[in-house]
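Pasting the structures in now, so scroll down.
Here come two complexes built around chain A, the first alongside chain B, the second alongside chain C.
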Partner chain A sequence: MIQKKVCMVGVFATGKTSLVQRFVHSLFSTKYHSTVGVKIDRKQVQVGTEQVNLLLWDIEGRTADQEIPESYLKGAHAVFYVADGTRRETIDQLFSLRDHVRSAAGDVPSIVALNKHDLKDQWIVTPADTAKLITGGFHALTTSAKSGEGVEDAFRWLATATLTAPPTPTVQPPVRHGN
Partner chain B sequence: MPDDGAPLTESAGGTRDVAEVSVHELTELRDLLFGAERRQLDELRRRLDTAELTPEELAEKLPQAIVQRSARDRQLGIALAPTVENAIRESVRRNPREMATAIFPVLGPAIRKAIAETMSGLVNTINRAIEHSLSPQGIRWRIESWRTGVPFAQIVMRHALVYRVEQVLLVHAETGLLLAHVPDGSLGDADLVSSMLTAIGDFVNDSFEPKKTGELRAFAAGDLTVLVETGPRANIAAVVRGTPPDSLPAKLQSTIETIHLEWCDPLTAFNGDAAAFTTTRPLLEDCVETVLATDTRAKSAGLRRFAWVIPVLLLLAGGLAWRTARANRQWSAALARLDTEPGIAVIRSERSDGKWRITGMRDPLAVNPSVLMASRGVDTNEVVAHWEPYVSTEPALLLARARHVLAPPGGITLSLKGDTLVASGRAPAFWIIRADGLAPALAGVGAVDLSHVTPGLPAIMEPIAAEIESQRTLFAAGSDALDQRAVSSIATVAAKLRELVKAADANRYDLTIQVVGRADPTGTEKDNLALSRRRAAVVRDRLVSLGINASRLSIDASGSGDPIPADASAERARLNRSASFTIRAQPSLNANVAERQR
Partner chain C sequence: MARVDTYGLSHAGKVRTVNEDHFAIMTLQKAVHLRATNLQDTTLLDRLRKPQVDIFVVADGVGGGVGGKIASGVAVKAVVEYLAEAVGCVQDFDVDRENAFLENLSQAVERGHHRLKEMFQTQGGPATTLTMVTVVWPRAYVIHLGDSRGYFLRRGTLRQFTRDQTMGNYLVDIGAVTEQHAEKAGLYNVLSSAVGGDFVPTVGVVDLADGDALLLCTDGLTKHVSDERIAQILGSLNAEGAVHSLIDAALDGGGTDNVTVVVAKTE
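Moving on, here comes the complex of A and B:
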């Protein structure tokens, strides 16, 4: 059995938590978000003969000018970005978000879930946007918390990517201060 | 320097001295200008030629190199380990004494510590067992267990639990992924807890000590405490129910240090596969423990430490009870014995003030009661006795009193027939007269029979007679032949007889000697009688041949009917294959009256 740490990040109110809620094993309640700022769930994915346990660090959605704590990101084997397909700014902010994540977790496999695909009439994502994401190093797919569309695919892609990706460059252990 | 060389060569054609001086000066000049550089060049060339460290250089650099490399990583240790192990093994094989001497100072304290810990564990176990089974608390818990139907062990846990390390998790520091945890299967979501613990740790760090990377060491919820000890690559977390002791963090710290040492490579290379860390489980299991109040409760720890005293006291009490019972038994036996003892009558006995008290009557001639009690194992210091004197008429006491009052000479035996005191043997006439007068006055004595007493001899004759009568001429079994010793014993008797006859003549006593033959009980009495008669005759004949007047000698045959007493049957048989001598003497008829009057 292989365990992998996957960080789920997204701008505030992209429906990140409800997107995966039906598909993961939860031990902790969502109130951890408002206290600790992260809630951890498990998703088991079978890749070939290997069972992969994805430990999903569902990190509290922040507003654009708030940074995600680096300590939550360190050591992540993959990053699960969630954007709201009905709000352009959530897509635009993905790139700055990614830069921040990269500085903490390194260049690890990344997927973008363009969420709320069920809201067809408000959907604003164009093929150009998708192409921009892909050239930016993201694997992109559309999802819906309501219908469950794309969620299992997203996890399967993440699990496979963590197994095949070269090992994450080792991040040096934190230097102890004040000792 | 070809430019310099050309003119030199030309001038060499001139005088030789000038040329030599020039070469010399030139060399000097060269040294002055380029000396330092040349030497450096030579040194560089030499180093390039050898291209490896000389032992001197290595010796110079080695200590520093070791220090630097050791500070950087563990490779030096890993590389040296097999060599060091081999060296130690070889050293021990060649000369074990050296190694034993070297590690002796370490070994002693280590062994002592191990023994002390084992003993302290043992004492704790005994204390706990005793406390749980004997204390009022233990009994209360048993009643509670019986009343509620909850197993006793659980009741004890509920009341006495100080702390229990329920879970130990080994967590990858960077990712928060679970590396290992114990006990197995106890925490289904250990991986989630592991990650969440890391997240909470991170949250605390970020929130309260930004940029300082202090670590979250412990947090509590209800009676659960989570202790975390961090390392550079992995953290260890212990979930503790109750109040963890101060020693637990140190234990966790040493465990995480060991894991960093032993699993350095898997920790560095960790990429999600925790298989390599299943071997850390024994180390983690060492941290799982349950401690009950009886181990550590400070309030009465001093008393509890001495709980072992209880069984010791019980043992002592048991021993005391046993001793008392034994003393009682001995006392009863001694009392019973005293009661049967002639001349002692116990009236009352009791135990008071730690002493045996006894009251009774005692004939002054009876045995000493203290001696008798002591011989029965009674401590006479514990006895307070009060004896009233009285006169006992029991036969044994009667005889004792008769002996005391009459003081019979050695040849006299006293016995009782009913209330008649019978004396037999030979005694001086004056004793016969005194006994005749005194004996009837003795309490309990009805009559005196002196008919078996033969009048004794004058003082000068008595010892000679006694000596002759003590003589035995011994024979071999079934034989009446005289051997060497028999002959010599008869010669002694003959010499004494001549002496006695002379004394008898001087004292005007008539003297006869009876030779009494005896036989051992083997065979028929008829044969024995005949044999004993032959033995007596042989001895008599021998005495005659030694000059004893035959008219003084008579013989008697006892067979085996009147044996000489002896304790052992073999000795009795030997003594009775014999002939003995009885002296009969009485004053000559004309002197008889005078003697009696004297």
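Moving on, here comes the complex of A and C:
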């Protein structure tokens, strides 16, 4: 079976662990627990005729001035960036985060989850924000680990991208904006 | 590679007559020991030296008395046996083979689970927690079931890298009960996952740094000794001294349970 290492990266408390929990175990915890080091989960997904075993490396979130240890990123086949759609700084930092990730893992397929879309009254992502991400080369999707919105789509899109040529900018997953 | 100073000890405590805890500290290495040569250049032999793998395991049997003791012993023995047989898995270790290596570690723990299931075929037979850390410097691979814990101390800050697999944590996480209710109902004392029981291991990785101290322990330590005290002891003594001091602290605090402590300090 094909195995692909997917690194979950983002600033602390953006919902990386919750997205993995939702995708792998169909669970959502209302309690926040910070990850120490890396937690590794597995999930098999069917991509066309291929069974892909995703090894999800849920990497401890960092503050803005801390970098993710490069050793955790080495060998990644894909990167799943997570930003909190209610905290602007987590979106603004995506570009510098990507620079760092690329220096360690290379230019592997990636996706951005704009997470916590269930918190509609606190949602700050504008169409201009998503346009900036897309023109910057990101593939972005709104998600909610709480409701499950977009979670399956995001992981499946990324799994597919690991099996194909680098995704072209014209093949964007849908980006939904807050109400 | 950092030199690792290790020590471990297990104590029945002040109340229990049977010690249901077990631990193991082991090192795997495929090495070439040059006894004598007239070769000018021995760098080739240096390249033949494979990475050293340090493995630390603690297990706390549940099921009462002898059953719990057997469970933790069987699990630790099975892990040690499997890893000794699979020593080849550390040859030519690199990031590309990391997944296979992790798979080997998981299978080692799974062997303990199957062996227990074979021995006690009834539902609800003895089970055990198991926390195993495998260090291929500087990376520490963690396999965890139950509520024995793993911590590391870095520059005076103690961080727990395992999360207790208890019914209390599980039910609070999914919002089924409050923390108060879980505490009152004793749900934090009921394991949601264990070797020989519901087998749902968590797998993790922590990269260590020079000067870090690693601690594995059963709950006989953490129910009596605060994180602050643990950090103070770990930070101030060598591995052997820290182990003795931590066990003494648990006994001074009541010693109501078996207590097992394994410490590894990098230099």
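The rule we apply is simple: the second predicted complex is superposed on the first by the 153 of 179 C-alpha atoms of A that agree within 3 Å, B and C clash if a C-alpha of one lies under 4 Å from a C-alpha of the other, contacts with A are read in each partner's own complex, and residues count from 1 in each chain.
Throughout what follows, contacts are C-beta pairs under 8 Å (C-beta built on N, C-alpha and C of every residue); 3 or more make two chains touch, one makes a residue touch a chain.
Everything numeric here is computed off the predicted structure, so don't read it as measured data.
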So, A:Ile2: does it touch chain B (first), chain C (second), both, or neither?
first
Which of the two partners, first being chain B and second being chain C, lies in contact with A:His117: first, second, both, or neither?
neither
State whether A:Ser29 touches chain B only (first), chain C only (second), both chains, or neither.
second
Just checking: does A:Lys16 make contact with chain B only, chain C only, both, or neither of them? Give me first, second, both or neither.
neither
Answer with first, second, both or neither: which of chain B and chain C does A:His77 touch in the superposed model?
first
Tell me which partner A:Pro69 touches in the superposition: chain B (first), chain C (second), both or neither.
both
So which bits of chain A does chain B touch that chain C touches too?
3, 5, 27-28, 36-38, 40-41, 55, 57, 69, 71-72, 74-75
Show me the residue ranges of chain A that touch chain C in the complex, using the header's touch definition.
3, 5, 27-31, 33, 36-41, 55, 57, 69, 71-72, 74-75
Of all residues in chain C, those that touch chain A in their complex:
95-96, 98-99, 102, 138-140, 142, 159-161, 163, 172-175, 202-207
Chain B residues touching chain A - in the complex, by the definition given at the top:
172-178, 189, 191-193, 195-196, 199-200, 202-203, 205-206, 211-214, 232-233, 268-269, 271-274
Quick one: in the complex, what on chain A touches chain B?
1-5, 25, 27-28, 32, 36-38, 40-42, 52-53, 55, 57, 69, 71-72, 74-77, 162, 167-168, 170-171, 173-178
